[in-house]
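Next, two complexes with chain A in common: one pairs it with chain B, the other with chain C.
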Partner chain A sequence: MVLHLAWASLRRHTSRTLLAILGVAVAAAMLLDMVMMSTGLRESFRELLMSRGFQLRIAPKGTLPFDTDATIADVGRIVATLRLNDDIIAISPVLGSTIHVPIGPRTFTSATLGVNPAVQGDYDLVSGRDPAAVNEIAVNDDFVSATGVKVGDTIQVSTGYDPQLRTYSDSRAMVITGRVRFLYGAANQLATAMNLSTVQEMARRSDKASLFMIKVRDDADVEEARAWIERAVPQVSALSIATALEQVDQRLSYFRQLAFILGTVSLFVGFLLVTTLITVSVNERVGEITVMRALGVSKGHIVQQIVVEGMVITLSGAAAGLALGLVTARYLNGILASFPGLPVAIDFFLFQPKAAWMSLGLLSLSGIAAGVYPSWRAASLPIATTLREEAIA
Partner chain B sequence: MSLVEVRDLARDYRFGADDVHALRGVTFDIAEGDYVAIVGPSGCGKSTLLNLLGAIDKPTRGTVRIRNESPGSMRDREATLFRLRNIGFVFQRFYLMPTLSARENVELPMAEAGLKSAERSARARELLSYVGLAQRERHRPSELSGGEQQRVAIARALANKPAILLADEPTGELDAKTGAEIIALFGQLNADRTTIIVVTHDDELARAARRRIHMRDGVIVNE
Partner chain C sequence: MLVQIAAALLLFQPPQQRTIAIDERLAADAGIAIGDKLIVSAKPGDTGGDTVIVSAIVKRGADPAEIARSEYKVRMHLDHLQTVAGYGDRVDRFAVATRGDSATSIALRDINAAAFGFEAHLSRDIAVGTSRTFQVVSRFHKAIGVITIVASAIFLLCIMLLKVEERRRDVAALRLMGISARTVVKGVVTEAALLALVGSALGVGVGWLASQFINWYYQGLYRTPLYFSLVTPSIVTFAVALSLVLGIVAGLLASLRLVRTPPLALFGR
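Coming up: the complex of A and B.
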């Protein structure tokens, strides 16, 4: 009967109930999006860093990878030094540069990475093969779309553009061997990959690298390896995923605080919405509630009935909010994917079941709690006096 | 032995700085199967007396004993259970649950008492048939006339086979013809051994009772 009465009461004002559910859904969606955003960027970044199993990055002292144009000298010697550590099982030096590709009347400017294809962790091969030889190049889909080239084509690749003389320091013909997808590439960014030695030669950066990606044995202590590298190669900073995430955390702290505040506001709005609705609904039904008490219905059952009403509203709202939150997160992710300087693979809004269920659970609990006080208050009114007042009203 | 024993019953209210003595020491007994009308001018304490008999108010002084129990000294939970098992209320304004059908309204006290669905449904039908509304069980209160609503309220009051049926101005909202039907129904109920205490201004209803208690200024002046 409790459920029946609660359901009947909700159906009595269908539009009001639906509006309340919609209101809770919007609050729940916002709460979910804030939770997804507060943790999503960090988790997404962590997943991206771990995607190819490289646990360590080495960058020029005091910098983050590709944060500046600074490079690390003596790549050969550093590789030799790193190989002395038995825990290190893969070393991938990477040199970033810019190339210019004249095609028809236009010259396209593209980022390029010099890598060792055998151990690289920067791209996935989509079709064709890696650029293993010195005159080979792999390109991404944005490059293909912009230039109209295809695998097997030969293109003229130039580096070291002098804007005053309008000349290049190096220019050579290269064969496109494959199409690749760069893990850390930004949206709409033209990008290519070549053999490390080719880029070093063309960029006039012999034996230099922008960073090293390091893989250590699974059973090795990553932090210990990181400390060893910084001791063995003093001119570099070694970053583990944990330390990289610390840096990310520092940079995103304002972002997270904002998400936390907005999430709390959403939770509060949801709570207030249900409290207001239940209070209005209870006040309208004081007479009915008092009559039920006079007939012998216990306070507990009256509270149960009204709490069930709050539960139906919050649970339905939370369920709708989950769907709405995921849709809006996806839409916003699409917009933010073109955020300058961030890899396209980074998700601003990452759905993490534990955090999502916890936040929606919290909202549902607050909605349930919202029904307790007004219903208990109404059920505790003096029966005789309230009936007299209701009769006069 | 009396079903209801009222001894020196008093009830004071405080309105601002003033004390209002609504009931000033009332004593009487009611036997099982009795049909009592409490009459008197407005403000004489009739409804206050009914509230105390119905365990929805507590006396300032004195006692009410119903079936040897003192609801006035009970805590809220016990008083609620006492009402559920022993008291049937009929109000002037019917006070049916607007979202429930006639049958569901009658089932409400039985559901609270823990009767199984089939059992309470059968008894609700039986009671609605008794009050002449067998064909109206699925109707909501808004689809029923005033007289029909009051009949449903009477059926609801009888749901848990109470010791006493308490009615506060049961014909107050009804026209003369419908009021007469309700009076007839009360007569039939009493003939079937239901103890009825009714508070009324309606002379017809008062005359239909076997016994009349006249009140004035919070005391019984004549019986």
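Coming up: the complex of A and C.
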């Protein structure tokens, strides 16, 4: 009965109801997007950092991995020191550099990582094998597309430029052993991987690394291991997933705050829209409500009917908003994905069912709450006086 | 003899201590003042570095590229930094001033023709290249802005329709008194336009206050003189025009529907 009356009332003003549902849908979509953005980036980054099980990163003191050109010296000594800690089960030193690859009339410039293929956590092998020997190189798909090379080809790789001779220096022939997908690679970035010692030699950075990736035992305390590393190797900063996320939070706090502000505004707009609509609707139907009260319909029953009206608008709007929100999130993510240097695997908008249901649930609750006061006020009007006023009107 | 003494005095003068300039963030965070002595070194934890005197505290520029970076900045004399960093006679880049646009083109061509292991770029091109991040943020803001405008437009339409719908009885009474439908529509549309105008004026005020708060908050958070939010005349004009158009459209639609309904039906008879 309550549902039937609520439905009849909503159908009486179809255009108004549809407009309200549309308004709630846009507010719900915005709210969903903002919730996805506030939690998505952090979660996506955490998943990326944990994708290969390395819980710690070591970077030059006071920097973040690959944030500057600074390198860590004495790699061998640091590895020996780190091995003293029984909780550390894998150490992967990485050195980043730039290489130049002349192919035909063109010279391609690519990022390169020097790694130890046995313990590396920077790429997934797509085809072929790791670059184990000193004259081997693995390349990513962007490199293959840009240069037209294939696995098994031999290419000339240089790391320096001789200003006197105006030619690339430190050049050597390298065999492409495999195609790889870099976990932290940016979109359209030409990238390659080589053996660490090869990059160190070619870049003239003997015994140096840009960062270390560290895996500790599952039952070990990661924070304890992090503190131990900083004590044992004072020239580095050790970052756990938690500290890395803190840094990301700090750098991208703008997006979280924007998400919070716009999310709150969306929730408020949704609430305001339903409140206004229900209030006007109730004011229009004061006579009708009073007649129902005079016929013996209970106050609670009337409140129920009006609250159901608000609920129908909010739930319909939230359902439409869910679909609209997912579409707009995809579009907005596409914009932010073009951030220079952002790893392809990072999503600004990540759909997390729990957060999404919570936000839409909150919007629905606010819609329900929006109907309570106006309906209670209307149902509480003095019956005789209101009927007389309505009759005169 | 005097010349010899003067030369000897000059030779035995203690070496002048080098000076550095630090940014205001570092000065505030580390409690450093002008005249303080510091040890600078390229290696972390190296106590045997070079002792220098802080000669200036530099205000940070309004550079968007530095917003999210919390690092400190120290300015040293080039030769001093080359020594401290063990960088030899090298630099990262040269900034070159020319006598004008035509001279710039010639200089660019000549430098690149020499091409001794480097490449010359126009400052404008570098600015475009390094501002890609902000172009992305700007596109994102525009997209969010469009969604917000759609949401506000629907909200405004809804409110205006409801507001006009509330006038059912007034319109019915006017029509029964013989007032023409045209006059009624004009009246309702004028009222809706006025309402939209007053509402948008209030909105501009709220927006300006919010903008002040945003700038105050983010300038403090990121410790930068950058402006994060600007209420420009074009934005105000757009906002007012949009709400006015929406108000008028909503008023027109609702009033046309009302005048087409028989007055007694509007009374519910």
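The working rule: the second predicted complex is superposed on the first by the 389 of 393 C-alpha atoms of A that agree within 3 Å, B and C clash if a C-alpha of one lies under 4 Å from a C-alpha of the other, contacts with A are read in each partner's own complex, and residues count from 1 in each chain.
In the analysis below, a contact is a pair of C-beta atoms (placed from the backbone, for glycine too) under 8 Å apart; a residue touches a chain by one contact, two chains touch by 3 or more.
Just so we're clear, the structure is a prediction, and the values are computed from it rather than from any experiment.
S.K.: Should chain B and chain C be called a clash or a fit once both complexes are overlaid on chain A?
M.R.: Here the two partners, once superposed via chain A, fit next to each other without clashing.
S.K.: Touching A:243, do we find chain B (first), chain C (second), both, or neither?
M.R.: In the superposed model, A:243 contacts neither chain B nor chain C.
S.K.: Thinking of the overlay built on chain A, is A:156 touched by chain B (first), by chain C (second), by both, or by neither?
M.R.: Neither chain B nor chain C is touched by A:156.
S.K.: For A:135, using the defined touch cut-off, is the partner it touches chain B, chain C, both, or neither? Pick first, second, both or neither.
M.R.: Touch status of A:135: no partner.
S.K.: By the touch definition at the top of the document, which applies to A:383: first (chain B), second (chain C), both, or neither?
M.R.: Only chain B; A:383 stays clear of chain C.
S.K.: Between chain B and chain C, whom does A:197 touch in the aligned arrangement: first, second, both, or neither?
M.R.: Neither chain B nor chain C is touched by A:197.
S.K.: Taking C-alpha centres, what angle do chain B and chain C open up at chain A, rounded to the nearest 10 degrees?
M.R.: Result: 90 degrees at the vertex chain A.
S.K.: With both structures fitted on chain A, tell me whether chain B or chain C touches more of chain A's residues.
M.R.: C
S.K.: Where does A:81 make contact in the superposed view: on chain B (first), on chain C (second), on both, or on neither?
M.R.: In the superposition, A:81 contacts neither chain B nor chain C.
S.K.: For A:171, is the partner it touches chain B (first), chain C (second), both, or none of the two (neither)?
M.R.: neither
S.K.: Regarding the shared-chain residue A:116, is it in contact with chain B (first), chain C (second), both, or neither?
M.R.: A:116 contacts neither chain B nor chain C.
S.K.: Rounded to the nearest angstrom, what is the minimum C-alpha distance from chain B to chain C in the superposition?
M.R.: Between chain B and chain C, the shortest C-alpha distance works out to 8 Å.
S.K.: Hey, which residues of chain A end up touching chain C in the complex?
M.R.: 13, 15-16, 19-20, 22-23, 26-27, 29-30, 33, 60-62, 161-163, 166, 234-236, 250-254, 258, 262, 266, 269, 272-273, 276-277, 280, 283-284, 328, 331-332, 335-336, 338-340, 393
S.K.: How about chain B: which of its residues touch chain A in the complex?
M.R.: Against chain A, chain B makes touches at 47-48, 51, 54, 56-57, 76-77, 80-85, 87, 89, 91-93, 95, 97-100, 104, 107-109, 111-113, 156, 160.
S.K.: Using the touch rule from the top, collect the residues of chain C that touch chain A in their complex.
M.R.: 43-45, 67-71, 115-118, 132-133, 136, 139-140, 143-144, 147-148, 150-151, 154-155, 157-159, 161-162, 165-166, 169, 218, 221
S.K.: How about chain A: which of its residues touch chain B in the complex?
M.R.: Counting only chain A, the residues touching chain B are 1, 4-5, 8-9, 11-12, 287-288, 291-299, 301, 382-384, 387-388, 391.
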